[in-house]
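First chain A sits with chain B, and in the next complex the same chain sits with chain C.
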Partner chain A sequence: MAVLDFDYMLGLIPILLGYLPLTLELAGIGMVLALILACLLAVVRVLAIPVINHFAIVFISFFRGTPLLVQLFLFYYGLPQLFSSLTVIGGVTATILGLTLHFSSYMAESIRAAIIGVDRSQTEAALSIGMTNGQLMRRIVLPQATRVALPTLMNYFIDIIKATSLAFTLGVTELMGATQKEAAGSFLYFEAFIVAAVIYWIVVELLSKLQHYLEARLNKAYSR
Partner chain B sequence: MIELKSLSKHFGSTVVLENIDLHIEKGEIVVIIGPSGTGKSTLLRCINFLEQPTAGTLTVGDLTVDVNRASRANILAMRRRTAFVFQNYALFANKTALENIAERWLVVDRWPKEKAHRKAREILDRIGLADKADAYPASMSGGQQQRVGIGRAMATGAEVILFDEPTSSLDPEWVEEVLGLMKQLAKERQTMMVVTHEMSFARDVADRVIFIDGGRIVEQGPPSEIFHNPQDPRTKDFLKKILTTNPV
Partner chain C sequence: MKTLLINTLLMVSLFTTTPLLAQDDPLRVGMSGQYFPFTFVEQDELKGFDVDIMNALAKEMGREVKYETANFSGLFGMLGAGRIDTVANQITITEERKKAYIFSEPYVYDGAQVVVKKGNNEIQGVEDLKGKTVAVNLGSNFEDLLQELPYADQIDIKTYESNLERDTALGRVDAFVMDRVSASQIIKEKPLPLKLAGPTFSSITNAYPFKDTEKGRALRDEVNQALATLRDRGTLKDISEKWFGTDITRP
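Up next is the complex of A and B:
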């Protein structure tokens, strides 16, 4: 068995870390947009708003039912073919679009379940003191649903971070793309990808820490 | 002043309330009794549109609404003139006792937070829970939660507070403190409609007792008449049953 080239690995760390900001940017923007879209979809589904509800059902079904990679290729290569004004849709834009639509469909379902789980009598209590539907969602239902949905949402956030690695197939040089290039130059594939794997791992671990902190905070109101 | 004219509620083909006519004066304490499943709770829920009534008109204060033509704005306005106390308290689990009470002022009346919280503390004082301002519902006893529920209703400044079996979910040890608070409100001549099986409360506090059976008002009058000289056989039958298990 060949010996690992540790010096190469050490030298690679700062180089690859230089591409981490782009990975985090893809993941961060994807998360925020997916969360906003998921909340809208979930509310549409819960209130069964006519017409849009059916649109939401089909939307969720499609984006949950097809591979993310297929969706990314569809946006990156397919959209410019349909709309000539989009002669170039950047790899970054296509990735963010794909991550947003794909993960919002999953997140919408867990947010919907969490909303339904909020005790119905609290909804009536909010209406009885004269709140509008919007006020009751914002002040009473969503804060409590957030607590229930948080662990699953954090899982999707972790998935999003890892899914950004697919952006390299669209020619985006993020952490995965940079690793691929480095490895192709040095032929030290194992060293390069183990460094990349550990970087992803550490980022995800930090996110898990954040999750525990948030859960503890949100559960404060519910402990006896 | 509250007035119901020919108020009806159907669930599909089931008639739950039929042509209820009722006039309640400001400051009047009305207790509604009757067998389970005869529309008592539905009557209260129709008055603040937690249930959409099927037909009739409803007046609370200066607002009269034909329930079939009630717009969203009408329903909201009607809800803001009435307050509701729930059997299972229904406190907002994500808010403290203080915040549960202040919520109406913060969100509906858009008061500044400082003023809403100051007024909420006054209510906490009146319901005897000043020391529980920062407690969340999960950490309070049933009796304390229901007192906060009543405090939240008081904060609405509504024309009428509707009590839907406010002590039915409580362990016996907490019933008295909740009834005590309700008696205090009655003394202050807060208009109240109370659905309850607490016959002693009805006897001691009510100005009028209404007996409902099968979705209709069968009999009504001062407690002394209803309890000691009921006219309708159904009233007699009901009182005989309930007074043996729940003596006045």
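Up next is the complex of A and C:
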């Protein structure tokens, strides 16, 4: 077995860390947009709002039913073939678009499950005192659903961070892209990818800490 | 999401048909950045044979170059979508690709190459492999190439997973067959007593692909002109010597 080149690994850390902000930007923006879209989709589904409900069902079915890489290729390579002016969708935008649509379809289903999980009697009580659908959602259902949905939503966020590693196929040099290129230049594949793996791992660990903190806060009302 | 769509639609209206590449437009070149020693990254810097050649071409053409790196699988998609003007990644001219793209003149001539131990003057080319033991890499198409020779039944072909160059240097086999560029690279990089034996036999030519549009054709002509100039001036040869110790830019 060959010996690992630790000097190379140490030298690589600052270089690869330079690409972490872009990775976090893709994931962060993707997560926020996906969350907003997922909430809308979930509410539409739960309330079974006519017409839009059918749109939501097809949307979720498509974006959950096809691989993210296929969707990214569709946005980035496919659309400009139909409309040449769509090359204005750059690699970063296409990645965020793909992450948003793909993960919103998953998140919509977990949010919907969390909403359904709120006891039906509470909905009936709220409606009986004259709350509108909007008030019911905002004041009664969503705050409770948030607590239930949080762990799975954090799971998706972690998944989004790792999914940004697909962006290099669209020419976006983020953490994974930078690692692949450095590895190709040095032939030290194990060293390069282990550094990248540890960086991803540490980021995800920090997020897990944030998750525990948020969970503890949301559970305050329930603890005795 | 909504703003994104609106922005997109607004921008669409701004970008109508693209005319010819203006003289001060940069040349957008796609490469994988993952094909040593043609295109790779060291300490965050893009380097390699293809980078050097393209820089020289752009200088000759009086254009700036903008490199777009993406996985190899994405490069032709980017070219087709008009996100890049050409690909500099040792693209081999094939019939399939010729249907979809137009190519510049080749700038790398590669082919199957016989390699022998230094001092072996008995084997001067593929014709001399009769009655010899020849190593090829498993999964490469060089075994097929050897099998197609009229005297194939007189060649003892051995397939290797790896280290065929070492066994050739040790004399366990008489020769090995590989593409010339990789073979030259091995001879240059590894401290093994090996040498190329004779010319290549089954040629591979690599060039720059362009879209078959007015703009693509104009750019190809511009690149061809610059290639011819650099070839005459010896620049292509110099860059090749620097990376491979031999001139791979000529047949």
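Note that the second predicted complex is superposed on the first by the 220 of 224 C-alpha atoms of A that agree within 3 Å, B and C clash if a C-alpha of one lies under 4 Å from a C-alpha of the other, contacts with A are read in each partner's own complex, and residues count from 1 in each chain.
The rule is simple: contacts are C-beta pairs under 8 Å (C-beta built on N, C-alpha and C of every residue); 3 or more make two chains touch, one makes a residue touch a chain.
Given the structure is predicted, the values throughout are model-derived calculations rather than measurements.
Novice: With both complexes overlaid on chain A, does A:Ile140 touch chain B (first), chain C (second), both or neither?
Specialist: In the superposition, A:Ile140 touches chain B alone.
Novice: State whether A:Pro21 touches chain B only (first), chain C only (second), both chains, or neither.
Specialist: The answer is neither, since A:Pro21 touches no partner chain.
Novice: Mind working out whether A:Pro67 is in touch with chain B, chain C, both or neither, as first, second, both or neither?
Specialist: Once the two structures are laid over each other on A, A:Pro67 reaches no partner at all.
Novice: Which of the two, chain B or chain C, is in touch with more residues of chain A?
Specialist: C
Novice: Considering only touches as defined above, state whether A:Ala221 meets chain B (first), chain C (second), both or neither.
Specialist: first
Novice: Tell me which partner A:Ala184 touches in the superposition: chain B (first), chain C (second), both or neither.
Specialist: Second partner only.
Novice: Going by the contact rule set out at the top, does A:Leu33 touch chain B (first), chain C (second), both, or neither?
Specialist: second
Novice: By the touch definition at the top of the document, which applies to A:Pro151: first (chain B), second (chain C), both, or neither?
Specialist: In the superposed model, A:Pro151 contacts neither chain B nor chain C.
Novice: Both chain B and chain C contact which residues of chain A?
Specialist: On chain A, the chain B and chain C contacts do not overlap at all.
Novice: Please output the residues of chain B touching chain A within their complex, sorted ascending.
Specialist: 48, 50, 76, 79-80, 82-84, 86, 88, 90-96, 103-104, 107-108, 136, 138-139, 149, 152-153, 155-156
Novice: Applying the document's contact rule, which stretches of chain C touch chain A when the two form their complex?
Specialist: Contact set of chain C toward chain A: 1, 4, 8, 11-12, 15-18, 30, 32-36, 40-44, 46-47, 68-71, 73-74, 77-78, 80-83.
Novice: So in the complex, the part of chain A that touches chain B is made up of which residues?
Specialist: The contact residues of chain A facing chain B are 119, 121-122, 124-132, 135, 139-140, 143-144, 147, 220-224.
Novice: Which chain A residues qualify as touching chain C in the complex?
Specialist: The contact residues of chain A facing chain C are 11, 15, 18, 33, 36-37, 73, 76-77, 80-81, 83-89, 93, 97, 100, 168-171, 173, 177-178, 180-187.
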